[in-house]
Structure formats: structure tokens, C-alpha cells
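By letter and in written order, the chains are A, B, C and D; residue numbering begins at 1 in each of them.
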Amino acid sequence: MSGNTFGVLFRLTTYGESHGPALGGVVDGCPPGVALSEAVIQRELDRRRPGSGGLTGTARKEPDAVRLLSGVFEGATTGTPIGFVIENTDQRSRDYEAAKNLLRPGHADGTYLSKYGRRDYRGGGRASARETAARVAGGAVAGAMLAPLGVEVLAYTVEFGGIACAVKDVAAAADRPFCAADPDVVPVWEARAREAMASGDSLGGVVEIAATGVPAGLGEPVFDKLDARLAYALMGVGAVKGVEIGAGFAAARLTGSTNNDPIVNPPESNNAGGILGGVSSGQPVIARAAVKPIPSIAVPQRTTDTSGNPAQIVVGGRHDRSAIPRVVPVLKAMVLLTLADMVLLQRRIRP
Amino acid sequence: MSGNTFGVLFRLTTYGESHGPALGGVVDGCPPGVALSEAVIQRELDRRRPGSGGLTGTARKEPDAVRLLSGVFEGATTGTPIGFVIENTDQRSRDYEAAKNLLRPGHADGTYLSKYGRRDYRGGGRASARETAARVAGGAVAGAMLAPLGVEVLAYTVEFGGIACAVKDVAAAADRPFCAADPDVVPVWEARAREAMASGDSLGGVVEIAATGVPAGLGEPVFDKLDARLAYALMGVGAVKGVEIGAGFAAARLTGSTNNDPIVNPPESNNAGGILGGVSSGQPVIARAAVKPIPSIAVPQRTTDTSGNPAQIVVGGRHDRSAIPRVVPVLKAMVLLTLADMVLLQRRIRP
Amino acid sequence: MSGNTFGVLFRLTTYGESHGPALGGVVDGCPPGVALSEAVIQRELDRRRPGSGGLTGTARKEPDAVRLLSGVFEGATTGTPIGFVIENTDQRSRDYEAAKNLLRPGHADGTYLSKYGRRDYRGGGRASARETAARVAGGAVAGAMLAPLGVEVLAYTVEFGGIACAVKDVAAAADRPFCAADPDVVPVWEARAREAMASGDSLGGVVEIAATGVPAGLGEPVFDKLDARLAYALMGVGAVKGVEIGAGFAAARLTGSTNNDPIVNPPESNNAGGILGGVSSGQPVIARAAVKPIPSIAVPQRTTDTSGNPAQIVVGGRHDRSAIPRVVPVLKAMVLLTLADMVLLQRRIRP
Amino acid sequence: MSGNTFGVLFRLTTYGESHGPALGGVVDGCPPGVALSEAVIQRELDRRRPGSGGLTGTARKEPDAVRLLSGVFEGATTGTPIGFVIENTDQRSRDYEAAKNLLRPGHADGTYLSKYGRRDYRGGGRASARETAARVAGGAVAGAMLAPLGVEVLAYTVEFGGIACAVKDVAAAADRPFCAADPDVVPVWEARAREAMASGDSLGGVVEIAATGVPAGLGEPVFDKLDARLAYALMGVGAVKGVEIGAGFAAARLTGSTNNDPIVNPPESNNAGGILGGVSSGQPVIARAAVKPIPSIAVPQRTTDTSGNPAQIVVGGRHDRSAIPRVVPVLKAMVLLTLADMVLLQRRIRP
């Protein structure tokens, strides 16, 4: 309602700025009896940690250590809210003093100012990708709830810097550079990345998320369709500019007879992405997110200062050169959070 | 929460099946003093009426006459909820008796059965596109609220049956066949449509929605970003399988230096689609939705009956051959509803 | 959120003014397979109909016939939203023309004007007790869902015009004058009522609501405790100025040793009203609501007109002389709606 | 929705158990520019701290020091969520080991077990009154937002151990023993308290909360009336068993002519408690809450163990002998939170 709570029954509320004392969140609605520990959450957090995944330009070194504050007793959830906190330990706010009156192109500086009338300019404040650490922590709790139900979510990069790859070996993608869906593309993407970095520029890509073991029947017609809620979840991640389900935009170019998945056992196609009429069919749920290139670049850009005067900016500070691969566990977390909520919602209908 | 209410402060709750007595809804939260009448709503409803827009195969003839039941007094809203109803008048349920035990590929028949355990099989029941009439009515109320604020929303088709067109003359698109963004493409698309209809097949397309006059500052970080809420709104429309904001998937292929919109006056580009950090920038808000081909086709398809036996189906009944153009006013309505909600939400911050 | 929706998972959204075309609502979230018909709802509506219960002064004659518009198929709910409408048929708006610029003491005339800046003055508009018809209809759906689970709700008057009675034979109270909890008090209350009517005055009372068969475990700590939600539900009915659970205000005067219910089988007391820590215990849930005297009286009162000038008013129109007994089925409905919601919420935890 | 979030636009989400690592919360929706610091919150927290107010039996010594984690920049709120944490420092969980299999009468032990199937038995876990510290912190933020608008909330005890007092000097009540509304009653109440403590028993009372400066127009008809939301807010505090607005239960015994407040300037009475039709009138908003005696008593009680066997219990641990006065700032906080939310909701209508 006020923007920082996600979900209806399985709910994540988050807080925290890039350069404030800490960030964290509250998971409310996780059923009792789910095995949970700081280690379970930490494992996921480590995947989005600065410096993870091989190719990033950031120099910020955060341990991103999570601390559980409530809701877990004798190794499992109690059904009460799960508070957690991640301290900010490596803040260099001076980096941002210099440019505090310049609006960075592609960033939320100007829009936050329009919205709130004032802003914490240090490292983007709340608009920093740093807030996604709390999403990953929340997603880990959702994952802990879903795993015993047989629901598994994988996320992997299928395109980087304009170069697509095959979807070949996704089970190991999380441990691969770029979280690439195909090991063979890694050297090609590395070359593309070096090229961009050399020119001070940044790159984007496309991430696919696949959920298997999703029971049929999830999704709340008509507005809270499973695909609608997934689109909301994924598009709410900072860098995402597009979301597809199943065949996605390609479906718009097919005819009904080629797009419809015949209902046969075993299934022969999955253009629907596991969702029909907004409700899961039992086939894998497939979504894709378009990730824009990171707006912080070393290339000089034309902009305006907070007084409205034209200016030029070269964005300093410590930045990744692509949201990939660090955004990959974030997108996975958003799908886990969505599915956990939908599983609980469906229980009211078929307990 | 239970799926049939949209919005936080400007809320639309809808009900109604394809072949029940009526469909309708309640708009709650519309501020007092908005000029409103049945005629204002009827004008929008007429645009999605069966047979509208030129190319449709449906034979169902519904006047879709809306009746206002509350919330309007002496020509304007009072601030109390606005109830409305649209009677179903041309139901031929017999059309569906024959195939009630066959799951139609691409439809929600099987997933609704998984979800609810039983279903109103007549014409798809609640899963019928007929429910979108209530969305259009609700969107008309949102439009009546937004118009005096200078917010205007246009929706137009930019691709049909795999053939894209220029975005040339969108102001008149609503009255053009296919709601085409370019008058010159109409004969080409008509040929494409005739070809598909001749083979009993169906087609999809891509619809763009553009909102101008949107004040800067709308959108609720971090989860309820304006783009997240738009993605939710659009993906929640039955036939939609993909949503883009601004440059969308193309942004994933650009570099930061080419994707970033320089902050200059007047603006030179709008790759961000009028949204940065999830908050509107004051530039036009641009979204695109991928519309899949209608799953009801006259081509024989392999399927399964409700007892799990393999079967073949040829979908009878009265059906359009494409959701385009009838889905166009629906997508416009969803954007209007989203913006109305976001305008009210922002008032709490900067009244 | 915008005031006209009640509940989280079992949700009732209502609309309608006293003198508009119709009032009605949407029940969203009722599980599939609940036996439901217009007759089931009509039976409850008839209990709050003008002229019901013996002692009322109203001359308005409304059949209050409910029409189901969706969500029911072959005699049972489908899981989709249940729309219903009740036409207004006996409106005499002229009655209110005369006094449209006078604020009636004890009524919402002035506060609605402060809130919305304009108002439908005919019969109180949305602030009329007439809106409770939609609550009763919604409550009947909740009751239909709860009955097969063994949950039963009774409501009965335990005090009228300052005269309390014993709680003696509540099963038949609904068919008794005043819905009195004790048949012997009826002639006493009738005398009290005649006395008040003779002087053009009005009376209030206290209604108790008892729910049996409520499973242990309902209620959502810490804010959405079962008692908190019941207090919200009951205090939201127009005439209610106080709510108690179990021993209520009397508990504040007891010591711990006399107020605590010993945990023995069978139970020996129920000071807790079936709720401990905000969660149902399995004992009957007991609530009481204080109902103020109806503010519309024939006695001259000092007031102010809408321009701020002092004035005198004698309220004309057709009015009951007490909200009792017509408010009794309304309070019952609110408890049914609350319990239905809490039952569904608990399913997510222990399905 | 899942019980631990309060409010629609001004939202407080809390977490924390009595004997877990910490408790805390997130305030989401506080507008930007509100002056806020840890000191502002700490001042309110100190009022509900163990040992505060004179008469309590608790030996637990907690500093209850609040730490702000986000949402405040350069001394004022930014509009982003305000995270805060209060560490638990004085936990003696061993106190509870002995009785972990005994259900304490008047406590939530058994109902939580029914609800969740397992529980953190140490000190009542989430059901401990300790959770109210997070409410007080949230309420302090609400108070900081409301103060510049001229809204002030006072809370004071008007009855203790069955002995009522006059409402005489409430401005100083917060600093007086029992937060008594009348200084003269203090020695009488102290005698009553000593008497109860001598017998190992506990006492309850009645707290009144008065809000002045509340603008006319707050409250959302029909379900989210201001009084309904206040009843929900107050009844959701653990020990509360009854809530009244204005004349409350006494109104049920008046006639319309004596209960109606004449609309005159200045006002002559306030039986309505500042609320008509669920909307604030501009007069002071007056509510009262019945607080039950604390269930933890040294008197032996009959109970049942978690295996269902009869048992006797004498509740050890460190406990207050009355929720008064520590509950007083909690009830004040709940009214502040409710009013802050209602102020923001009203801005959407009359910005």
C-alpha cells in the first residue's frame, strides 16, 4: 500500500538505504514449522554480494551478514513475524557529496525529488540496488517454505550485451560467471564485457526464471493472476524494463494453432509458460525479465542540476558495470516470494 | 486480495460470468465532484462491444448497456462507492453444453478446475473476456477523474499478426480498424486477418499505451513502482503474455550511454518510458503489451477430457478471431485505473 | 482501504445510497461448493426489513428483494465473486428537500460535508442505515459457508431503553419482539417503547452476539486479533458506540484470580469470551454492542444550517424509533463475515 | 493481512518475541519532512518501560533503547520506510522452562498452540506484552507527524481496581502514578494495589484517550469508520476487553433527545465522542478501553498441561501486577497510529 510491503499472505516488508545504518525486513505470514536459520538466508545473500559472479566493477566490500531477530525457535519458524537485519558496514558517503546537486541520467535522483521533495542522495538512498539484499533474504525464507513442497526456482541469464545463448545447463548456472544458461557463451560474454568496461560503458541482458513443481491451481483471477503478480514482482526490480511469460512477445506473432499448447501427456510445448487464464497448469512456470544497462557510467553525460541548470556529469563512486549477474538471485527471490504467497492463498480454497 | 479488486485507493471490484445474469462492479475511492454519467461510461464500453472495430468473427450481439446504481448525485460523484451493472442479454449457453467435458487448449478450463474443483463452463464463465467490460467501465470512471488533471491515455495497435507498423497518427487510432497506429497498415493487416480466418485460425499483436500529462512523482518504491503496477495491470488482462516499459526488451541490448536519456530540456529521448526508479518523470509514460492469438480456433486440436482421456476438439461458439481491437480499450482502462490510484496515493505525500 | 470493503480473504464490498437506484455488493473469496441461492439470502434480509420485529415507526415499505448476479452455478458457489443487487423501490425524496440545508443532530450530515465537500442529502445518502441491507446479504453468504463447518451465530437483545433482561432463551430470539433474549421482558420493553414514542423520542439498547462451534486457533496476532476484528466489525455499524468481549468492562473491575477462566474440562466460566491472546479458544465467542438511540426524533432540537446559522429542527420523514430490533441481524452478519474471513486466514497456517 | 501490519497508508509492521534477540518494526508511509530522532521515540518508550509509573511488580530491567535504521536523513524523515530495532537484553528464559508444559489461565498459551501447532513458550513469546514496545515506537513517529498539524493525544486512567476517579487534570497524567486522571485518587488506588499484591492477585482498570485538534472529516465510511478503526486499534492491545466511544454503553441507556449533541457553537456536550457517522466532527475524539487484570498471578490456579491432564499452576517469573500504567502509552500510541493513517487517507479526497 505504501510501497514497501510485498504479498498478501506471505508478506515481505523492507527498509533501508544504501548509506544508512542498516537495511532489513520483516517476513510476516510464513507458516510455522519451516526449517530456517541464518545460514539458509546467508547462502542466498552471498550470491548477490558485491564482487560475486566474476564480472563486476564495484569496489564496495560488504559482508552482508544477516541477523535473524525473531520468529524462529529451535531451528524452525513459529508462525510469528521473522525480523532480520543486515548492517551497512562499508559506506563511503563522501563519494557522493560532490555530485549531490547533479541529477544522474537513468537514475531516480530527479523523480525521487519530485515525489518526496527531499532525498537521501548518498549512493541513491532507498533507490540504490542495495535494497535488493532484503528481497533476497525474504526470498530465501520463501524458498525454505516452498522446498519441502517440491517447488524449485532457477534463474539464469539467457542474453548479455545483446548476445543470446542457449538454455543448456541451468542447474549449475548460479555458480557460473554471469549465471549464464550456457557454459560455452561465457568467454564470448566476457569479451563483450571487457569491451564495454574499456569504454566506461555498461551492459544489460535478459534473465529467465523457471519454477518447477508448481502445483496446478495457483493464481487469483481476474486481477491477481499468477502472471500478473509475477510481472509486478519482476518489474518492481530496479533495472527491469520488460517481462514475458512463456512465449511472451513471440506469442503475439504466432497463430492460435501454433501458440496453443495441445493438452497431451506428457506435454509437448509450453508456450503458455505454465499459466492459463492466470492460473498455474502444473507445467513449469517460465518468465523472462529484460535488464537495462546500469545507468552509472564513466562516460560524460548531459544532465541538469537540482536548480535546473544544464550540466555535465561523469558518475564516480563504486559501481558494477552490469546488473548481471547480481540481479539474478534477486529475480529468483521475487518469484519465490510470489509463489509462496500464491500457495498460501490457494489453501483458503482447497485446504 | 481475493483477486477481483484492483487498486489501493482508487479501487475497482468486479464480478460476473459470461453466461450469468449480469456483470458489473464497484468503484470505491473516486473523489467527490468528478463529473460522471452513464453516457461517459457507455462511450468507452461501446469501443469494446462485440462487433466493434471492424474485424471480428463474433456473432454475439450485446448492447452492453451500463446502469449506474450509486455514488453519483446531481451529475457528479459524491465520494461514496459507484456501483454499476451490465446485464447479459444474449446468452446461448447451449453452445457450450456439447463441449463441457473437453478442456480447450489455451483456455483456463483445466486450470480453473484445478483451482476451484468445479466451474461454470458456459462460455468460459469468469475466465471469459467478457469480464473486461467491467474493467472498461471502471477505467472510464478513472478517466473522468484524470481528465481535468490533464492526464490523457491513448492506446493503439503497433503490430498485428506479426506485421509491425509505424506510430504515426495515434490520436485517431481508437476509431480506426484494429485501432492501428498507422492508417496505411490497415489494408495489409486486413489481408493478414482474412488469410487467418480462412484457415480457421487466430492472430495476436502488440498494443502500445501512452499516457501524457502524467505529473512527475507517481509510483511507490520499492515494490509498488509505477512500472511494476502497470505490468501487473496489463499482464492481468487475459490475453497478455508480455509487458514492456519504454525501450523494454530493446533496452537490454543497448549500452548505458545509449540507453540513458540525457536530462535536457526539451527531452531528446524517452527510453525510460517516463519512469525512473519506479517513479514518473513527467515525460509520457509508455507501455506495450503482447497479445496472444485467441485460443478459440476452428482448427482441430488435441486435448484431454475432464476424465483424463485424450480427445480432439474444434471450438464452436461465437468468437472473435483476434483480441485486437477489442482488447485495446481494455488495456487503456487498466492504465487509467493504475494512474488514478497512483495520483491519489501521491496526494498523501504532497497534498 | 477506501472504506467500503470488509475482510481480507472473505471480502464484502458494498455500495448504495438510501435514495439512489439500488444498493448491493460483491462477496469475493467465498470458496467454491457452498450451497447458495437467493432464498438463503432473502431469509436474512427479511429480518432487517422495515416493519420487521414488531416495534418500529417507519412507514417505508421496501420488499428488499435480492438478486444474485454471478458466482453461483447449479445451486452452489463457484469460487468467483458473488454480485448481488437490491433495488430501491419506495423512495420519497421530497421528504428530505425541506431540511436539506439543516444539519440533523446525531447524524452524519455535517461530518460528511466536512469529509466530501458535498453530499447526497436524501435520507442520509450513504450514511443511511439502509446500507446495512448489503451487510446482511453478505453475512448470509458467510453464514452459508460457516454452517457446514458447525459454526453458528446467534444475536439477541439483552437491554432496551435502559432495562436489562436475562439471557434465557436465545435460540428463538430472532423471531421474538425486540429479538429479546428473554420472552418475559417483552411486555416491559413494549411499555418503555410506547412511552418514548408518545414523547417523540427514541431508545437504544445492548445486543449480544454469541458464536458457537468456532474452532480454536482463529485470529491473527498481534493487530488482527479476533477480538480486534470483531470490535472493528461491530463498531463499524452506524449506531454502535461500544463493544465488549466476554466480561468486557466488568473484567476491568475483577481481580486476576476471579477474571481468569480456569482451564478445566468442561469449562466453568467464559470471562474471556472465547478469545485469549486474540485467538479463539474453542469456547463460545461472546461480544456485546451498545446501540445508541436513533438520532431522528420528533422532539425539536437546536442545530445549525449549512451556512452556519443557528436553527431549530424537528426531523420528519419515516423513521424507526429504535435501531432495535432491525440492527440485530446486521450485527450478526458482521460477526459471520468476520468469522468467515478468519476461518479462511487460518487455513493458510493449518490447511 | 497476516496480522503484524497496522494501517493502510501510515503503516506499522512489527516483529519480536519476549525472549528472542530483539523486537522492532518498520513504519512505512510517513510523509517526508517530519522531524524525527531516536530521542523523540525514546521518550515515549521510557514511559512504558518496566518499572515505570510507580506500581509494578516486574523485576525485568530493560533499557529498551531504540535504534533507527533507515528513513531519516539530516534530522527528518525522507518518505522511505523507517526501520527501528530494540534489543532484548535482560532475558531469563530459565524462568519459563519449568512451566513450559502448563497452559497459564488467561494467557494465550493454549490458543497459540491451537493456532500454530508449536510455540515459543519463553515469556509468552510473541503474545508477551513486550511486543507493545514496537507499537509505542511506531506511535511516536505518528505523533511526530501529527504534532505540527495540531493534533494532540492524551491518555489517562479513569478507573483502577474497580475505583473510578474524576477526569480533572489530564495534561499531567502521564507523569503521575497510574497515569491517574485525578491526583487525589492516587493514594486510594495505591491502597487498593497494595491489597491486591499482598494476596498475590492482580488488577485492571479503564483508560481514556482524548485526541484534540482532530480535523473534521477523518474516517472512511462505511466499514472503516473512525470509531471502527479506533475500536480495532484499542481492542488489538492484549489486555483490552472493551472499547467505548463518547458516551459509549451509557448512550444505550439514554433517549435520543438526551444523547444527541445539539449542534451549537461552542458545543455543549460530546456524547458522540467527536465522531458522527464514523467521521470526525472537529470536537475532541474520546475513547475508553477496559483493561483486564493481568492473568499472571501468584494465586494457585487450576489448569491443564499440554498433554491434556489437569494440573495446578502458580505463575512465577517477573510480572507486573497490573497492565496499568504501562498500557497507557500503548493505547495512546494506537490512537496516534490510527489518526495518522486517517489523516493521510483523507488527503486523497481533499488534498
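Everything that follows uses one rule, which is that a residue touches a chain if its C-beta (ideal position, glycine included) is under 8 Å from a C-beta of that chain, and two chains touch if they have at least 3 such contacts.
Computed from a predicted structure; not experimentally measured.
Of all chains in the assembly, those touching chain A and also chain D are B, C.
Ranking every chain by how far its Cα centroid lies from the centroid of chain C, the top place goes to A.
Compared on C-beta pairs in contact, A-C and A-B come out with A-B as the pair having more.
Mean C-alpha position of chain A lies 26 Å from that of chain B.
The distance from the centre of chain B to the centre of chain C, each centre being the mean of the chain's C-alpha atoms, comes to 38 Å.
Mean C-alpha position of chain A lies 46 Å from that of chain C.
Multi-chain contact residues of chain A (touching two or more other chains) are listed as 1-5, 8-9, 14, 29, 32, 79-80, 115-117, 126, 221, 349. Per the touch definition, chain D reaches chain A in the complex via residues 1-5, 8-11, 13-17, 20-26, 28-29, 32-33, 67-71, 73, 76, 78-83, 85, 115-120, 125-126. The touching residues of chain B, counted against chain A in their complex, run 1-6, 8, 14, 103, 105-108, 110-112, 114-117, 126-127, 131, 159, 161-162, 196, 201-206, 215-225, 227-236, 238, 240-249, 251-257, 259-265, 272-273, 275-282, 290-297, 299, 301-304, 310, 346, 349-350.
Residues 1, 8-9, 29, 31-32, 79-80, 221, 344-345, 347-349, 351 of chain C touch chain A in their complex.
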